[in-house]
Amino acid sequence: VPASPTHIANTIETELLQRVAAAVPSHGAGRVADYIPALASADPAAFGFAVATVDGEVYGTGSWLAPFSIQSIAKVFSLSLAVARDAAAVWGRVGREPSGDPFNSLAALEHASGIPPNPFVNAGALVVTDVLREMTGDACGAVLDFVREESGNPTIGFNAAVAASEADNGDRNAALAHLLASYGNLRGPVDRVLDDYVRQCAVEMSCRDLALAGTFLARHGVRRDATRLLSRSDAKRINAIMLMCGVYDAAGEFAYRVGLPAKSGVGGGILAVIPNRCALCAWSPGLDAAGNSVAAVAALDAFTTMTGWSVF
Amino acid sequence: VPASPTHIANTIETELLQRVAAAVPSHGAGRVADYIPALASADPAAFGFAVATVDGEVYGTGSWLAPFSIQSIAKVFSLSLAVARDAAAVWGRVGREPSGDPFNSLAALEHASGIPPNPFVNAGALVVTDVLREMTGDACGAVLDFVREESGNPTIGFNAAVAASEADNGDRNAALAHLLASYGNLRGPVDRVLDDYVRQCAVEMSCRDLALAGTFLARHGVRRDATRLLSRSDAKRINAIMLMCGVYDAAGEFAYRVGLPAKSGVGGGILAVIPNRCALCAWSPGLDAAGNSVAAVAALDAFTTMTGWSVF
Amino acid sequence: VPASPTHIANTIETELLQRVAAAVPSHGAGRVADYIPALASADPAAFGFAVATVDGEVYGTGSWLAPFSIQSIAKVFSLSLAVARDAAAVWGRVGREPSGDPFNSLAALEHASGIPPNPFVNAGALVVTDVLREMTGDACGAVLDFVREESGNPTIGFNAAVAASEADNGDRNAALAHLLASYGNLRGPVDRVLDDYVRQCAVEMSCRDLALAGTFLARHGVRRDATRLLSRSDAKRINAIMLMCGVYDAAGEFAYRVGLPAKSGVGGGILAVIPNRCALCAWSPGLDAAGNSVAAVAALDAFTTMTGWSVF
Amino acid sequence: VPASPTHIANTIETELLQRVAAAVPSHGAGRVADYIPALASADPAAFGFAVATVDGEVYGTGSWLAPFSIQSIAKVFSLSLAVARDAAAVWGRVGREPSGDPFNSLAALEHASGIPPNPFVNAGALVVTDVLREMTGDACGAVLDFVREESGNPTIGFNAAVAASEADNGDRNAALAHLLASYGNLRGPVDRVLDDYVRQCAVEMSCRDLALAGTFLARHGVRRDATRLLSRSDAKRINAIMLMCGVYDAAGEFAYRVGLPAKSGVGGGILAVIPNRCALCAWSPGLDAAGNSVAAVAALDAFTTMTGWSVF
């Protein structure tokens, strides 16, 4: 029983977003990702927040129009696009269960004979990229086409310097990719798949763009133009995977504090979904020990507390 | 925005439950737990289903009044009772994150220096039992007091033969308990804590009893008599842990199919929670490879499909 | 081509042992085992060294006649006695390969489905104790009978206070034993097997006694009374296992410095074997980080350097 | 107390080698390595055996002059050459302990934060190659120079087709190399180090060449021209590592049957060392499940049984 779009809009049109922003005293807290130079230069005090409703309205506060590096949030889009084309092709090669191991663990992958536990650990995202490349020839291109259309922003692109920097610092991802290949679970040329993967991570979008691009999950698979990308059950499955695996090793803590399906990235963004209502995107570059943005988590926490819209 | 209790009751009063039962063709499918003789003799064709609403109404179908061994479902009650008394005492000794390891893994426990990943793996439940014993002197007794009051059924007890049988077959639990003790994370006498643990598993309740005893979680911590057991945030936390860790190694699959916080037991029961609406209990002894009841999962799947009441 | 016994005796009768003792400046270095009170009270400056030749002569220096707790050195005797009775019964239940995991790892045991990697990790020694109990009814009794006869010292016994203390501090061994039992690889009552195991560890012998009791391995299986305990190949196998697995996680380092099959105990003793020539026992309670006696390793190092009798 | 060279030669000049060959009924047993085409075409019935004494004599039987792919035996030479130049540079980056994990395990490497357990697992050999490349600019070239001089055979080279084939099938080694690089324990360009590594594996030598090239270890570090490559203690250390880690996961079994420091390769060769006496090389392409040549193990077993020259 979804609330009416009008009701949601009215609720949001009040000072809700301002109150959310005011409730986040932690801009600048946490530590900016520094493993690649392009991310290390981000302003830790930056903060943005946007809400896009299922009926296409979008609201924001702070630097909600400023583009940032979406990093692992890209995994939501590549997964959705690959599942939309052939769900069986995806789930035959990657699991759907949370993992107690670090997101870039090789040990876990080896113990599972090359089947990553879920699509959001790095190994799983590499497999999804490989699948989507097989389907489209260019996984990053497919993601860009999709997010441009959903957000109505044709200028979205990837930052080549960030992509190059990721590639230069990517020995662990290269190790994962070669290990997957040794099990036959990465079929494209390893270098090409890695390139395609890091380009996706280097896509730059604003909170506004991301919230709009994520509303298809709040609509259970229906795109902005009312066509269906995913079946209702596939959309629910992706929401479930986001809830359980979307914020690195902090799923339990995040589920309690925020209680929403979400995917974070080390660029400081978090995309969250409230089924039947809206998609949210919060952003601030300072990260906690698990790699999630301190202020973005706080903003989502404030939002769900104020609205009561948690799933639990 | 919870639906009104009257609306729920009306919905349920229709043939919903009959339709759920009719949609479950798999009574008798799966394999009855046989590691202890007392469970192995269960009738695989048995099936029951009950719904208890947040306003105290309860409905059922099939053998919904027949008692069965609740097994790991007891972990929900002992956890709630321990958290209600002193949440910090619990969370200082057990984690809140899903685990990719089997529910009775010693390796995972050793790697984490004696801190179980969550309260629903066996090691975690042993720690919770130890905590609740420290608080009450008798963890099983505390659980019995609670479920009798919530269900209004003072005859609930534990089956001593089942408890004895579990103890006789409990070398792996004994190994976990001694390993916990070696890390100082089990403080009572190992034999006593193990006894208290297996007695809880041997508690016998019907679908009706369990659904009623679980409604405090749908009410976000408020008991049948309107007193508060858990803070709203603690209740949501427990719901979140149930969603992520409640059905052994099948959390991802279950979240997709059913999409509700739930806890299963090898006796064939599953207790599920729909926040603000109701608690459900389905039961049938035949288990799938992960240890969850085939027919109970199917019944919950049918219920959420028919009602649209999944969290995703 | 063994050297003649007379030659060995002559070599040893010189000041060799005095020179060995003089070359060990580290009496008192290291840390005395303190996990059980009975061991913690040992004098860290104590030192003894003994050599027993294959023809039955025995020489010593320092406190070579003082009894100490042999601890894990007992594993050599229980293994030899079990193999002597039925080698296949042993090797069907325990491996013969070195392990990279800690000596008391449960994870390694779980990954190997209850088959310990070798007889000198604690899990392996528990299985050997269980096997020898099945054969004799009393593994510690069998070990005592054997070492009394080989050393000619009928007063050897176990220290009941040490055994009781080990049992009280033995949660990790209890965890290993129950885990083995859960795999069907420990068949006697867990409590009894644990008792039998800790009594062996609490046996008290001097350097003299241990060197004499170990000469059957230098004679490739022939006992003091010229009867054969082990086949030549079984004796060589046990020597090989000692070289690869006898000094906890320091096999590589020890093999380099000393180059002899050996077994250490946390009481500070080390029994070493020079095939065809002699058995050695060095003792001093101060342990290094791996659990081996600092001064005993130094003494064996000095001995092999002076004599050139390393196997490499 | 080394036996006199004359005595050894006399012993060998008898029909010993013929008897060894006759005692090996298993030419053709086992399975030829088939992961690269160049190895898969080897004749499984081929067999060769050679003995090179510390005084420079060499004897052989069967196809002892036929070159074959030395594969992992190369690790002995690259390790020795790197240790000879700077032992601390090697041991700061690779351990010296046996490992219970498979020779190409990434999990073990990850758990140890990028420090391989010993130089003979693939990760360890990659680090040694990286070290030797830093020292010489060309690790394979350094190995070739050395084995040509020790064997007196200037025609020894590597098979470019085999090296190319290894590289094409080398995803697991590439994964190991990138993982090492992610920990900073592989410093050269990953592609170059991998090339240098596979070229070494593709070196082709005969039993005669290998036995001669290995005698410096029987001489405790002294080369054919009487110059010293390794200190006596470094040579003993390498012998110890060979005994404990030289035959993949079969160290315990091999130590028992053969009782000599040895290094095997999947080309079917095994190089073994009898300190103070001789080096041996046996070769036959059929491998057992652990990757060691069935007939070569049998030949070494027969040799040590006939001569009594085991270290145990």
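The first chain written gets the first letter, and so on, giving A, B, C and D; residue counts start at 1 in each chain.
Simple rule for what comes next: a contact is a pair of C-beta atoms (placed from the backbone, for glycine too) under 8 Å apart; a residue touches a chain by one contact, two chains touch by 3 or more.
Worth saying up front: this structure is predicted, and the values here are computed from it rather than measured.
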Statement: Label-sorted list of chains bordering both chain B and chain C is none
Statement: If chain centres are mean C-alpha positions, then the most distant from chain A is chain C
Query: Using mean CA coordinates as chain centres, what's the chain A-chain B distance in Å?
result: 32
Query: How big is the gap, in whole Å, between where the Cα atoms of chain A centre and where those of chain D centre?
result: 49
- request: Could you please state the distance in Å, as a whole number, between where the Cα atoms of chain B are centred and where those of chain D are centred?
  value: 57
Task: Quick one: which residues in chain D touch 2 or more of the other chains?
output: none
Query: If each chain is a dot and touching chains are joined, what shape do you get: line, ring, star, complete or other?
result: ring
Of all residues in chain D, those that touch chain C in their complex: 1, 3, 95-101, 108, 117-118, 233, 236-237, 239-241, 243-245, 249-253, 255-256, 259, 261, 275, 308, 310-312
- request: In the complex, go through chain D and note every residue touching chain A.
  value: 105-107, 109-111, 171-172, 174-179, 181-182, 190
